[in-house]
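Dropping the structures in below, format is structure tokens.
Both complexes below contain chain A, partnered by chain B and then by chain C.
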Partner chain A sequence: MNALILSAVLGVIMMFSGVMLKQKSAVRNIAITGLFLLLVVNILEMSGMSFFRINTAGMMHFDRFSLLFNCIVFFSTFVYLLLSARDIEKTGNYYAEYFTLIFFILCGVILVSSFQSLLILFLGIEIISIPLYILTGSDKKNLKSNEASLKYFLLGAFSTGLMLMGIALIYGSVGSFSTAQINMTEKPGALMIAGMILLLFSMSFKVSAAPFHFWTPDVYDGAPTVFTSFMATIVKVAAFIAFIRLFGEAFGNLQPQWQIWIALITAATLFIGNITAVFQQSVKRMLAYSSIAQAGFMLLSLYAMNADAKEGLLLYSAAYSLATIGIFAVLIKMNDYTFDGFNGLAKYQPLLAATTTIFLLSLAGIPLTAGFISKFYMLKAAVATGRHLWLVIFAVLMAAVSVYYYFRVIQAMYFKEGQPGIITTSPVFKYTLVVLAALIIILGIFPNLLLNWYYF
Partner chain B sequence: MQNALQIAWLIPLFPLLGFLINGLGRKHLSKSAIGVIGSGVILASFVMSIWVFLQVKDGNTHVADYFNFISVGDLSIPFAFQLDQLSSLFLLIITGVGFLIHVYSASYMHEEKTEHFGRYFSYLNLFVFSMLLLVMGGNYVIMFIGWEGVGLCSYLLIGYWFKKAEYNKAANKAFIMNRIGDLAFLIAIFWIIKKVGNVNYHDVFQFAGENKFSTADITGITLLLFVGATGKSAQIPLYTWLPDAMAGPTPVSALIHAATMVTAGIYMIARSNVLYSLSHTTMNIVAIVGLATALLAATIALKQNDIKKVLAYSTVSQLGFMFLALGTGAYVAAVFHVMTHAFFKALLFLGSGSVIHAMGGEQDIRNMGGLSKKLSVTYFTFLVGCIAIAGIPPFSGFFSKDAILLSAFEKSPVLYGIALFTALLTAFYMFRLLFITFSGKFRGTHEQEHHLHESPAAMTIPLIILAVLSIIGGFVGIPEALMHGGDKLSAFLSPVIKPHEGTPVSHSTEYGLMALSTVLVIAMIIAAWFKFRNYQRSEAAGFGKVLENKWYVDELYDKIIVNPLNKFGGFLNSFIEKFVIDGVVNGVGRIVNYSSRQLRLLQSGQVGSYIFLMVLSMLVVFVLQFFLRK
Partner chain C sequence: MPINYYIFLSIALFCIGIVGVLTRRNAIIIFMCIELMMNAVNLLLVAFSKMHHATNGATNASAGIDGQIFVFFIMVVAAAEVSVGLAIIVMMYRNIHSVDVNFLNRLKH
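Showing the complex of A and B:
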């Protein structure tokens, strides 16, 4: 509750700061400080210090899982701002508003990570989505940005419709929005099942699972890269938390009904994400498909829905977000987004190349990185279900395919000749990248540093 | 005073430390420091070994269990050392002879660069360490570790002058030949584990003692162990590496041939004598292979002109004798011969090293001659070595060879006849070597003649010590026929090796055999004297040429094994690898690429088509969910 209120207040503060302050750096520093505060109050709440006692009437519940997840989100956003805040400013004239929207999106993230009622879920999803439509179109003079924004809005509206329809059907069947109530339904009728499947579709849309992923490459490619980074990481893992909470808490007892659909969606997502990424020529678009492929892996946690799956998803969120933020931060600095644009980067920017390599290795799931151990958790959780072993094998094969397109970047950086055009980077930027890379390796060796927070 | 057996782990630890210090410090230490450290650690081990030996002599044996080395399922393999009569005797040989060779090396290798000098000594120490591990191990696995270490070190030392491609080839040959034997050893260990569930000597021998092995099992295991032994101890068919191993520095040859490596196979079979005694088939094979090797190598040695090659083939031949002894059940005689052979073969190799040193690297005896005047110490010690190996009483070789011949006689007169013939050949080729090298006129270049000099004391003192040992070393095993209670070695080893059971021959027959062999050997020596005292260079022809070319065994191996394998490898590389494997791998890649190109087309950019595809999939799900699921 601390973080929810603070982030709403911070959003308002950012709005006014744009009007009152003339210096860009002041606005930026307020945003970064604000995020740091957000992280602090959230950690305080985790250790039992809640500043507000508000009766949510059972509509929200801040448990360990959601608070730890919020920590990961705030930390990722903090890193994201450290790396890319200057690039956010460059997108357009109304720079303060972008920070405002980011804080509002964080409000939505907090809602979807702790909802106990479908209303709050809906509210959270919309609070996340609407600012994103704006951010996608923030590069007003760029036609691609505008197109992406419109596409995103149209398809998003479609998915919102599906979600509302699903919620309505479930309310009609159960007479309540409460997840606990819904889960207690005995002998669910067709209405309930239909509602659940509609929610499955709309959530799949939000996490860009196949066959509801079509918006992802177009929107990620069209949006200003700095916001693609935000969408592909923080927003995506938030949607996953909502997804796993919804299907664990509201439809946990219906698992036999939806598990096979999740399995099929997982397989399709892994297949489309990985295979299509192979042929891409632009690193940005490849990362869009990679985000679909990674979503496929995260979907395994939904499929398994056990203790390992929840731990694994937390770990995966952190590993995936941090690595992807790092890669995007480097990508933003490049003049040329194609694979060839990375040629020879190792020679001119050895530090950027080395850290990017670690991020890519982590995404590919090479041991000693956080990406490996989180993939391991996912597969372990899926094996523990004892059913559909083919899915696990398929996931491993697809992870092997993913090595191809991630390593293409490494190959370009290290083994090809070229002179990459790159915008100069600040020392803070470099230090942050190094810390990020170190963090990924530390998490890869000691995943319990993160997971222990879940229990104590 | 602490019991020596409790701190016996120091024995292998010293050479290991020497290896580390010399290996890591080879660029920083001076040559003299390296020499002192390298030899000092072996001396320390030798002193410890004497202490252990004295304790064992008093009847204390000990199996020290240090920690659990491998623990898998029901199988647990301890890291254990076994200190008993057999291992303590080998410890003495390895560290004692090894120490002399180290001292000798410090002088012999003095012209090497400091860095290489350090490398040489570190390898030498590692070699001794491995060999100590091999004989001290309390189970077959620890023995195997030492066994492999010995193989590795022989590779490193034979290829010590790694800049010559030929030497590297010799090193590879030694290593690969040994690996063939190692594989058999390894399979034997697995077999033992399968049957006994354990590799500790104690448990395995107890299992065997209770007759729990089936005939097939025991024959299989012992044969495989024997194949392993033929690799390390250079027997038919795996002996060809040993003559080529002469590529290493001469003290290395001495170390390989006398103190370490080649005795490993003998040790292994003597250690496993309980198993071997259970299988007559294996015993017969061991005896026949040993005898055949002895004869084959002796004939080859008749015509070799490289001083070290003659010695190498004589080693192969002597090892054949030892296997003959093992095969006839005379384990003690084999161990006895290992010991005396260690003395005189180390002596002969170091002596040849002294000759080579004096001749400025020349190894061809046709270019020597008349060296006795200039190299008197070397000459006399070499002479002692030759007399010892020829087997003239009371030199050490006589007693051990006599024991072997006797056991062969007990088994069958045919074996005895061939063995005796081989012994006569031994005397002949050894004295041929001696006379061609040291008698007659000098046949080398003028420069070499000018250069001739006796080696420094660091080299001659080890020679003298070894010569003394070669003379008196046989007195530990005087046959009962000559002196009651003279066979101290059998008595000492009796707890480990059951006394030899055979039809005892009468003392009068025994005297007769001894006299016969002695007289014939002396006759051979005289024949050699007349033939070779004024040696003139001549080309071998006819049968001599076959012998000079070692019966063409290397060529035969190349034809029937090496070349076909190379061809097969070429086929795998050019066909299977290029077409089948690459084809599959690249094919998968192409399929992925192709699907990627096709799947990409789904992403049309049209919002309408996206929604259409989504609705379509939703419809499919609804239909399946509501109409087709139960």
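Showing the complex of A and C:
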């Protein structure tokens, strides 16, 4: 509750700071300090210091899972701002508003990570989506950005319509929006099943799972790169938390009915994401498909839905967000987004090349990185269900395919000659990248540093 | 009236909305179809709310009220979505002087 109120207030403060303050650096520093405060306040709440005691009438519940997830999100956003705040300012004239919208999106993330009622789920998803439509279209003169934002808006609103219909049908059969009540229904009727399927469709839209992924590459490619970074990491893992909470808490008893469908969606997502990513020429578009492929791995946690799966999802969201934010931060600095644009980067910018390599290795799931251990947790959770072993084997095969396209970037950086055009980077940027790379390796060796927080 | 009539009416409206989104090519009409989908949901929620009140109202006076509250939230969110959505469509129109979504294939290449 602390973080929810603080982030809404910070959003308003950022709006005013855009009017009051003339210096860009002041606005940026307020945003970074604000995020640091959010992180601190959230950690205080985890240790039992809650400043606000508000009766939410059973609509929200802040347990350790959601609080720890919020910590991961705030930390990732903090790193994201440290790396890319200057690039956010370059997108348009109204730079303070972009920070405002980011804080409002964080409000939505907190709502979807702790909902107990479908009303809060709906509000959270919308509070995340509506500012994102604006951020996607923030490069107003660029046709690609316009197009991406219109496409995102129309499909996002459409999937919200599906979600609302699902909620209405479930309300019809249960008579309540509370997830605990929905889980108590003994014999699900036709209304309930239809509602669950509609919710499954619309949530798959939001996390870009396979039959509903078609908007992802276009939108991620068209949006300004700084905001693609935010959408592909923080927003995507938030949608996953909503997904796993919804299906774990509201439809947990119906697991035998939906498990096979999730298994098929997972397999399709892994296949389409990985195979299409192989054929991309632009690194930005490759990362968009890679985010679909990684979503396939995160779907394994939904499929398994046990204790390992929850731990795995926390670890995966940290590993995936940090590594992807790092790669995008380097990508923003490049002039040329194709694979050839990375040629010879190691010679001119050895530090950037080395840290990017660590991020890519983590995404590919090479041992000693956080990406490996989080993939391991996911597979362990899926094996523990004892059913559909083919899915685990398929996921491992697809992870092997993913190595190809991640290593193409490494190959371009180290083994090809070229002169990469790169915008100069500040010392803070470089230090943050190094810290991020170190963190990914530390998490890969000691995953319990993060997971202990879940229990103690 | 039995609840079935309301369910069929809202499902029909909802399906008209879906078919409209999938077949029409004008961004504004697609947008109107999405609004139609949301209004079908509003109608259904109010009908269910009344139904739950009629069946459980004797034991619990506030039964079914949450459905109507949800409708207010849907209206507010839909209004917010309209303001952002129309702004995006206007921005698009300024650049290409058209609101036809067939223009939306530059990213496909």
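In this text, the second predicted complex is superposed on the first by the 456 of 456 C-alpha atoms of A that agree within 3 Å, B and C clash if a C-alpha of one lies under 4 Å from a C-alpha of the other, contacts with A are read in each partner's own complex, and residues count from 1 in each chain.
Criterion: a contact is a pair of C-beta atoms (placed from the backbone, for glycine too) under 8 Å apart; a residue touches a chain by one contact, two chains touch by 3 or more.
Source: prediction; values computed, not measured.
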Of the two partner chains, chain B (first) and chain C (second), which one does A:Leu123 touch, if any: first, second, both, or neither? second
Between chain B and chain C, pick out the one touching the greater number of residues of chain A. C
Name the contact category of A:Gly137: first (chain B only), second (chain C only), both, or neither. second
Please indicate which partner A:Pro211 is in contact with in the superposed arrangement: first for chain B, second for chain C, both, or neither. first
Looking at the overlay, what does A:Pro367 touch: chain B (first), chain C (second), both, or neither? neither
Contact-wise, after the overlay, does A:Phe158 reach chain B, chain C, both or neither (first, second, both, neither)? both
Examine A:Gly252 and indicate which partner it touches, taking first as chain B and second as chain C; both and neither are also allowed. neither
Touch test for A:Pro350: chain B only (first), chain C only (second), both, or neither? neither
Scan A:Phe201 for contacts with chain B and chain C and give back first, second, both or neither. first
Residues on chain A touched by both chain B and chain C 151, 154, 158, 217-218
Once bound in the complex, which stretches of chain A touch chain C? 119, 122-123, 126, 130, 133-134, 137, 140-141, 143-144, 146-151, 153-154, 157-158, 160-162, 164-165, 167-169, 171-172, 175-177, 217-218, 221-222
Mind pulling up the chain B residues that touch chain A in the complex? 589, 592-593, 595-597, 599-600, 602-603, 605, 607, 610-611, 613-614, 617-618, 621-622, 625-626
Looking at the complex, which residues from chain C come into contact with chain A? 3, 7, 10, 14, 17, 21, 27, 30-31, 34, 37-38, 40-41, 44-45, 48, 51-52, 56, 63-64, 66-67, 69-70, 73-74, 77, 80-81, 84-85, 88-89, 91-92, 95-96, 101, 103-104, 106-108
Quick check: in the complex, which residue numbers of chain A touch chain B? 151, 154-155, 158, 190, 193-194, 197, 201, 205, 211-212, 214-215, 217-218, 257, 261, 272, 275-279, 401, 404
